[in-house]
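The block underneath contains the structure these notes are about, expressed in C-alpha cells.
Labels A, B, C and D are assigned to the chains in the order they are written; within every chain, residues are numbered from 1.
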Amino acid sequence: MSTRYGFLGPTGTFTEMALRQSSQFANADDAERIPFASVDAALAALRAGDLDAAMVPIENSVEGGVSATLDALASGDPLVVIGEQVVPITFVLAAPTGIALADIRTVSTHPHAWAQVRAWMRAHLPDVDYLPGASTAAAAAGLVGGRPAYQAAVCAPVAAANHRLMVLQEDIGDNSGAVTRFVLVSRPGQPPAPTGADKTSVVLFQREDHPGGLLELLEQFATRGINLTRIESRPNGGRLGDYCFSIDCEGHVNDERVGETLMGLRRVCAEVRFLGSYPRADGVEAQVSYGTGDRDFVGARDWLQSLRSPSF
Amino acid sequence: MSTRYGFLGPTGTFTEMALRQSSQFANADDAERIPFASVDAALAALRAGDLDAAMVPIENSVEGGVSATLDALASGDPLVVIGEQVVPITFVLAAPTGIALADIRTVSTHPHAWAQVRAWMRAHLPDVDYLPGASTAAAAAGLVGGRPAYQAAVCAPVAAANHRLMVLQEDIGDNSGAVTRFVLVSRPGQPPAPTGADKTSVVLFQREDHPGGLLELLEQFATRGINLTRIESRPNGGRLGDYCFSIDCEGHVNDERVGETLMGLRRVCAEVRFLGSYPRADGVEAQVSYGTGDRDFVGARDWLQSLRSPSF
Amino acid sequence: MSTRYGFLGPTGTFTEMALRQSSQFANADDAERIPFASVDAALAALRAGDLDAAMVPIENSVEGGVSATLDALASGDPLVVIGEQVVPITFVLAAPTGIALADIRTVSTHPHAWAQVRAWMRAHLPDVDYLPGASTAAAAAGLVGGRPAYQAAVCAPVAAANHRLMVLQEDIGDNSGAVTRFVLVSRPGQPPAPTGADKTSVVLFQREDHPGGLLELLEQFATRGINLTRIESRPNGGRLGDYCFSIDCEGHVNDERVGETLMGLRRVCAEVRFLGSYPRADGVEAQVSYGTGDRDFVGARDWLQSLRSPSF
Amino acid sequence: MSTRYGFLGPTGTFTEMALRQSSQFANADDAERIPFASVDAALAALRAGDLDAAMVPIENSVEGGVSATLDALASGDPLVVIGEQVVPITFVLAAPTGIALADIRTVSTHPHAWAQVRAWMRAHLPDVDYLPGASTAAAAAGLVGGRPAYQAAVCAPVAAANHRLMVLQEDIGDNSGAVTRFVLVSRPGQPPAPTGADKTSVVLFQREDHPGGLLELLEQFATRGINLTRIESRPNGGRLGDYCFSIDCEGHVNDERVGETLMGLRRVCAEVRFLGSYPRADGVEAQVSYGTGDRDFVGARDWLQSLRSPSF
C-alpha cells in the first residue's frame, strides 16, 4: 500500500515543492501526493487517518507565522511535526498568451503573496485592482478557460509553467531572499531519531494571565541553556489578552536538557502541547552550553542518587 | 477646515464602527470619514499629511494580530497610536432578496471572517465554496447589481443593512464573544495626557539574534514592575529567525517607571520604535507594584542627588 | 557500645545545652558527651571515626555565621548535618563570691559573647578591660582557683552554676531575643527521613568568578520554587573576590524539586558540597508553590516518557 | 591643624601598615596616626568628630568579612568609605630572646591570625595551648616585661621588630598569598572623583523576608550591567533568618548605570545604606557592557524627552 502525503494545493504551490524536496517523501517507495484546498482540510484528513503525513506552511520570512497552521496544530487531536523544509519564494507575474502589461486591470493571488509584491506593483502597476485568491496556484489556474475576472496572477514559476501561462516578469518579490518554512506533520508516534541538529516545537498555555508569566516560561528554557529559534503569541480562546505561545527551541525531546525543560513547562503551565522533535532544515547543530550536555545530566543524576541512598 | 479621519473601508466595516465610537471622532466638530481600500493605503495617506488620523484594526481576539497593521506601524515614517477601540464582532449571513439557504453554492467574505464562521458553515452549508473577498463589506457590496459569482456574503449587520440585503442567519460566528481591537493612529506629537489607565506600545528590534535576548528585554519591564498586555513577534527584514517584538504594556510614557523602562530598552536594543501612549479601551487602571510609583522614583532621584552632591 | 557525641566544650557552654535538647541525643540509650576545645577538634575527631556525631554552633542571630564551623564543613572529608537546634542565648555576669560590681577591672568571655553585651558594659562598667577567652564556659572556669587575671566572666547561667560563681547580673545581652543555631553533624549516610518541614544545606563553588554568577545559581532555586533560608559567602582558597556560597534552603534532598535543583547546581557549579537534609528546628513546613510538588514532578516525568516512547 | 587618622591598633598592626600605604595619609601634610583598641572605638571617635578618617579591616582573603567593621558601618550614624588598601598578611612566630621552640607551651595571638596558622602549629607545635589576644600586636606587646602567661606570639614582622622580639620562624601562615582588605572611612561628604576603576559599597535591607528577595535585588544590578565584587549577608536585628546584604559593586555613584541601580534598590528595599564610592586598590577598570555607558544613558534620556515633549 502506498504512503499518502497531503499538501496545501493545488499542484504548483510552494507547498508541493516543499513536499517534493523532503527526504521522507523522496525516500518513500510508493508515495502519493494529494492536494488539499486548505491547511484545515489537509490536517483534518490526517487526523481522520486518510493521510500518513501532510506538508503545510508554518512561517514566512516576510509575512510571519501562518495562523491557520499554528492554530490547527494548537487545538484538536494531537499532531506532531516530523520534518521541516525551507523553500525560497520566487514570484512571477503570469498571464495568458496575448495579454500585455498595459492590459492588466486586475491581478489575483493569495493575500500573503500580494503583501510581498507590493513595491513592484506600486512601481509598475500602480492602478491595478487586487482580487484575493485562495492560493497562488489557484490564481494561476483561474486564468485558464472561461472568462476570468482578472488578467494576471502572481504565482510560483512552476504554477505558471503548469498552466502554460506567459511570464510577464520574473522575480517580482520585494524581498529577494524571502523563504517559507514548511512542516511535515503526522499523527503522534516515535519522534525521528536525534541528529544533533534538531528542533523541538511546543505550544504553551499559561496557567492564568499573570504578570511576568512569559518571563517565567522563558526562564524554564534559559535555566537549562536552551535557545529559542521562534516564538509567537496566538490568541487563546477568544478573549483579548489571553494568549498561548508557539515556540520552537533547539534540541530534541530525547536530549536531557530538553526533557527537563519540557517537564518544567509541564509543571508550571496550564497545558503544554508537544508538537514534535525533528531535524532542522538548516542542519545547524545545537549549542550546548556548560553543564547542559547529556553527560552532565547523567552525572548529576548519579550524584543525586548517591546522596539519597549512599552505599556504606 | 474639517478634521479628516481615514479608516479601512468601505462603509459598513467594523473599522468604521470603531471610528464612530471613538471619543476623538465623536468630539470633533467637523469630522470627515474617509474609507481606504487597505491599511497600507490609509497609513500612507496619513503619512503624506492627507489625513489627521486613521482607524485600523490591530488585533482580533480569535484570529490574532493584524499583520498588515503591525508591519506598517513598525517601519516607514513614524506614526503613533492615540486611542484604541474594542468592537464586538458579529457576523450575519446576508443575501439578495429571494435567495434561500438551499440556493447558496458560493459564499464570499474576508479570510479572517471566514476563519471565524467555519463551524457554522460546516454544520449548515458543508458543501459551499469559499471566494475570498477584500473585506466583509466588499463581499456584501458585491452582491448588489451585475451578476455576482457568489450568492451570499458573511458581513457585519450594518453592511447588510447598507446594501439592503436579507439576513438569512444572525450571529454565525463560532466564538460569540469575539472582539477586534482597533487603534487610532496619527503622526507623532504630544501624547494624550495620562489617565491612570493607559497603555504604551513599542516595537523592539534586538541588537543581534543572541540567545536569551527576549528574556533580557522582558526583564527591562519586570525590573520596573511593568505588566505586558500583548506581545507579538514579527519577522524582521526577511531572514527566518530574525524577529522584532511588538509589545503593549501598562502605563504611560510620562509615568516614571515606563520612562525608565523605555530608556533601558533603548540602551540594550538595536532600535526601539515608540508607538504611543493612550487611554485603554477597557479603562483598567495600571497596577503599580511596590516601589514603582512616580513618588518612589522622585524620592529615589532626590536621594541619589544627595549622595552625589551632599550639602555640607 | 555507647553512642559518642562531641560538642564545643567545656561543660556549660550553650553548645552542650543544644546537644542535650536534641532528640537524637535524648533518644540514644547510652549516649556519651565529650567536650572539645574547638570546632575543628570536634570535627576532626568525628572525621577520624572517634565520634558518632558532633554538635557545633553555626549561626548566631546577632553575630552571624560561625566561620570556624562553616569553613570546617566546606572543606576536608565530607560531613553532613543531621539535625539542628536553636538555643536562646542568655548571658550573666558571674564572679567568685565576694567580688562586687565596683571591684571589677577586667572581664573575660568569648569575643562573640563580648560583642553581645557591649551596651550593658558601656552603661554599667564603662572602664572595664576586656580579656578574650576561648569560650564563655572557659572564662567562667578560669575564675576558679589560682590567681585569675580578671574578676568576672560573661557566661551562660549554667556555667556560673557549674563553677559555683555568684551571678552579679542576669540577662545582660543587648538583644534579649538572641539565639544561636547549632547543627548536629555526622559522617555521610542515609539522610534523616523527610518530615515535610526540612532544610537542605549546600556549599556552592562557582565555576569561575564570572559576572552574574550568583544570580545564575539563585535562579536554579527560583525556577523550582525553592526558598532560601540562609545564604552566606565565604572566601574560597585565599584570593580576595573568590567566594563560595553556604546556603540553606527549604525542603529535603528526597523532594523532587530539591533533587532537580541540586542536579542543576551540580551541572553549573565547579563543585557542590552537599551538607545534608534534616528536620527544621522551628518545624515550619516548606511552602510548595504551584507545580513543584512531588506529584507534579512525577506526572511531568510520566508525560515526558510518553512523548519519548509513545505506545501505539 | 593636623589631619587625624585613627586605626585599629596598637602600633605594628597590619591596619597601621594599611594606613601608612594609603595615598590620603601619605599626601596629608601634617597627619597624625592614632591607635584604637577596637574597630568600634575608632569608628565612634570618627562619628564624634574626633577623627578625620579611620582605617579598619573589612575582609580577609582567608577568614572572610570582618563582622565588627561590617556591622559598625551598617548601623549608627552614616559613614562612608573613601579608599581601600590591600595588605599581604605575613605571620611570624616571635618570642623574647632566649626562648626556644621546644620551650613554648602557650601561644597568644588574635583569633583570626590563629585560624591562619593552624597547619603550621599542628605540624610544629601540636600540643601548644592557645590564648586569645586582642590583636596580633597586643600579643607581641604582652611578651614584654612582667610575667606573661605565654611564651610566644603570632604577629606581623613589624610588631616583632617594634618589641625587639626574636623571630623563631618567618612566614608561618597556611596560605602564603593571604591578604587583608582595609577601608579608609570618613563622615559623609563629596565622594572621591571617579577614576574609571572604582567601587561602590552599599548595605541593603530587604522590605520583608520574602522568597526570592535576594534574586530581585541582584537583578537590579544585572539589568544595568553591574558586576558585584563582594556580597555578604549579615544578621539584621537579631532574628534568625533576617539578613541584610553588604555588597560592593563595580563603578562610581556618579556613573549613570550605578546611579540608576542605586535608585532601583532604593525603591524596592526597605532601606539602602550608601557606604561610598572610591578608587579600587587593584586599579582594575570597570567592565562596561553594551548599552550601559554614560553616553548610552544620556542618549536614552534625550530620546525619552523627545517622546514626552516632541518639538513640532
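Quick note on the criterion: a residue touches a chain if its C-beta (ideal position, glycine included) is under 8 Å from a C-beta of that chain, and two chains touch if they have at least 3 such contacts.
Computed from a predicted model, the values in this text were never measured in an experiment.
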Between chain A and chain D, the fewest steps along chains that touch one another: 2
Find out how few touching-chain steps suffice to connect chain B with chain C. 2
Centroid of chain B to centroid of chain D, CA atoms only: how many Å? 57
From the C-alpha centre of chain A to that of chain B, how far is it in Å? 25
Can you list every residue of chain C that touches 2 or more other chains, as numbers and ranges? 219, 222
If every chain is a node and each touching pair gets an edge, what shape is that graph: line, ring, star, complete or other? ring
Complete list of chain pairs which touch one another: A-B, A-C, B-D, C-D
In their shared complex, at which residues does chain A touch chain B? 40, 59-64, 67-68, 86, 111, 115, 118, 130-134, 149, 175, 177-179, 181, 211-212, 214-215, 218-219, 222, 227-235, 237-243, 287
Please name which positions on chain B make contact with chain D in the complex. 188-191, 207, 219-220, 222-224, 253-254, 259-260, 262-264, 266-268, 274, 290-292, 296-297, 299-301, 303-304, 307-310, 312
